[in-house]
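The chains carry the letters A, B, C and D, assigned in the order they are written, with residues numbered from 1 in each.
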């Protein structure tokens, strides 16, 4: 079986493992207060061009999302996101379990616009019963989105502007951030993201780390006592250095971006190859997730050899599937898949 | 000003006040463990033809909803309702604050169907990532709905059947139950409701009581320890007899239904009068809430004399407003309103 | 049976009922936005000599406590109180259900001292693992306490000072506030309380109202969006005017204090009478709750005629019981009890 | 610096790393549904002699505790533990953040007895206001305790018996389980624990794994939907195999116990060595945590070379410190410490 169903099928980039091996018997402070976490934080703050930022390392994305969101909101406040947002669909109600409503906006491509945010804000503000409704206070976006699309600099800046006007915060879930930043057509970078978001996280789990997400809290007002809430939510790793070590390795010389480019290169090979063969796509994605429309008959055949993610029925005779590349994808497997499709 | 904006503008039916006055200096046990609560429970169980049922009295609807729902669900379970459901829209995220997602179904008339419930259940069950999504476990309906529509016996029985098939519970919010049970075309009664719902509540606040809702827990499995959760959520009234007294008075000889009929009679007078005058309705309601389409110009004029609830823009020149009658509405005010519209 | 077991056995002072009757058919805005609530707020702010304060009316004490506390704290923050505090013992974990730990301090008399608060703060601050522990942020006291004792002006001011020094808030639960303010030896008044507390509430349920507590938020920083949280927790009464009317009546001409004095007068008659008869008290209380040590044999006899609250075993042959007076207690009943004891 | 302050200063046993390296580029299913997790589950169930048990792997202890506890309790139910219990003291209110009170029992040695549990149950049951108090439903113990002490088979069986009699559940936190099972005087094993506990976990983080805890749900009634709650709380690792691999390696041939014995051997060497030198212990521990009373003057000197955990002031001139050994402790470091003390 060759798996294209997700981007976390393998372990980690060999350099990550080497870093763990090399430091294995060192004795360090626990809970992220070691030297490696500090070094990783320094590197990331440098890349973000933000010395005021605070960086915290957590093991996974759901944990990061629920910790960030519950650290920001008061009980009556809600987080606004696309109806397809990960926090709305695939985290078993983690945000609600922390007490907060997820307010959803319609979206065809996984993105939401500044205009939509303004509308939800104005609708709330102008409703005579506003106190009987949750207060939209935080905007959650992911980049790339669940559908592989990416935000432009202009779109992100517009979201920042509307959040400022509405007294709202902006949080970017970067579970696959590397694959977004290395995509064709991308005009974002860490500096621009840090400048426009109150909080965001750089995903490691799906981009070459064994596990781990680096949360960057850019807005100084939101930094207070974050570590308490990490601990409360079960998200403070005892051997925190395991996270620091990995992020240091990922970012000290561009490994993160090199791996991301590899995945994008193969995703584009796949996209172009399938296009040539006449396949249509459910959505136009330049990142590592490709949503292809495939005849159901063909799918039956493919599933003997390949793992993919079934997305939804497209029409009577075909379905949408998701195919992912990652830092670990082998070129030969892509070529084989292209031949078999 | 004459208010038609809601059905809780006035105090209570005079007989309610008399009951309070008459018993005022009696000493009774607190927290609903008095004789009046017991008597009211007995009467209501009789009307429901259910001796196994348990009846609890709470002060308001949001309190009742959040207490019932959080008493039933485990952390990962969600309540399913129409997108217009009161718990989804007008309770400031009370359900989410108890940790549970509200899963919404589209609805034009405020109702949801057995088919929709089955779909949401099957969609969950068949999704490979089902554990990453909240589990639909409880169906919330209101009767009448937020749009004044009512369920038929057949519809309710179908919901019961699908809930049984899917291992789900059915909860009916009866904030305006009297106005539903006395509406033209209604074929439900307390017995049918008790037979088909796991839990429901009979609204007093909007139907002649000073305040109060009577929660009927029909499903014996859901009765355990309910009073603990009432207390925890701040919903156990110290002088619980105030609730028992009111519900005893409302139900001992049909006062509740007499008052409901009064409101329905005037609502139908209003509906027919407006229809004759050429007004159109946003939705066809046979209960005490009427949703009328009114030219914006006319609204400007009306608001000098009348309070109404602005619902939404209908088209460029007109809007939908809600006009409510209640147990307390005066016939002369309806006639005056008809003249002025 | 004559009940001395609590201070909410009867309904309300007749003037409260009269106010309800008189206004019964008036149409007012809902949810506390009516004229009566405004008037009551104005009167209370006047008595507190605080024009910046905000006053909100809720139905009961548990509701008030959980709403206030959850409106103030972030997720990792805890409320500190005496081990006997109502929120710790008798609210079925209402505070924890809102996500917050109740940190308890030992107390023999139901009170806590500034020194204790400072110690809990310093202990937290100086612990190397402080982020692994809940952060003490809010001090909860009640006056009178659960044991009938009261704070002096000096004690309250000291608590204020230590809270300021430690960046903590001070909240006073005044479920029986009238009985405290009218007690022998009391040197507090509403103005002093408002000056020293961030938030407090004036209890109506136990002091002559049918129900109701008036929350006074003195600290402007804590006023934002309080009504949202009231609604979310199910504590916003639809016919809010019922609360405004009662508090207006209680405070417009001193009725609240007159009723409180009545209860205190009879409590002192009871205390002195029992002392003369040789009874000992578990604690010295000058308020409406008296904790008497009674031979178990005597208790057997008393319970034929009187309701009391069993507190705890005192020694092999005797127990502590609580006897309460209230605004509604009849002098003749006290005299009869004294004769029978 | 040589660290004895805790048992998670180093990485993992080399065999753990080797297992990760060897399997690194394999493609497996995510979220714990891979072959390695299945194999590890099978091995653990075998050691527990319980084929009905379910095993789940989580990253850390706080996460495990909050997930297990919130999966078991209804909103009004509380967990009972020693006042020194980890969930009460060092998890930043994680349990309360899930809505549940932690009810504490006094304990000098970190253990609680069946008698104490019975008392807390009877006290609740017999209180007239029982519904106003949280309901004790789950007993939490840790073995070894926070003070290094261990339960005997008899004590554990007695707890089981009392839990059965009271309708309560028993949960054992085994963060340092290996060190308990290999201690002098221990008469427990995995089979006995599985037989007597409803749920327990086997700690990996502190016993040779990089990270990870294996939760064993022995009580079939408590198994339903556990994975949903793992996901909701952010505790379902994407690359779940990392956990399965580690536990397979730890348990396939006794590595876990071999490492535990190493730590105990050195802890006993330390204990005996210090005793010979005249040091006294705060508590008698046979496990890897030793609580020694040390003159403050001596501590000043030691902290130049050694990391230890400051526990508390003992008397004017001396303090209690905690010294830990672990699977990774070097004999030479123990000898050097003994020389320097």
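The criterion applied here is as follows: a residue touches a chain if its C-beta (ideal position, glycine included) is under 8 Å from a C-beta of that chain, and two chains touch if they have at least 3 such contacts.
Keep in mind it's a predicted model, so treat the numbers as computed, not measured.
Traced through touching neighbours, the fewest hops from subunit A to subunit D number 1. The greater number of contacting C-beta pairs, out of the two interfaces B-D and A-B, is seen for A-B.
Distance from the subunit A centre to the subunit B centre is 42 Å, each centre being the mean of its Cα atoms. Taking each chain's centre as the mean of its C-alpha atoms, subunit B lies 49 Å from subunit D. With touch defined as above, residues shared between interfaces to two or more other chains in subunit C number as follows: 75-76, 91-93, 97-99, 131-132, 134, 228-229, 231-232, 236. Subunit B meets subunit A in the complex at residues 75-76, 78, 89-93, 96-102, 128-129, 131-134, 309-310.
Interface residues of subunit A, counted against subunit C in their complex, comprise 31, 70-71, 74-76, 98-99, 131-132, 134-135, 225, 227-229, 231-232, 236. On the subunit B side of its complex with subunit C, the touching residues are 1-3, 6, 8-12, 14, 17, 20-21, 23-28, 30, 59-67, 91-94, 97-98, 205-206, 210-211, 228-229, 231-239, 242, 307, 328.
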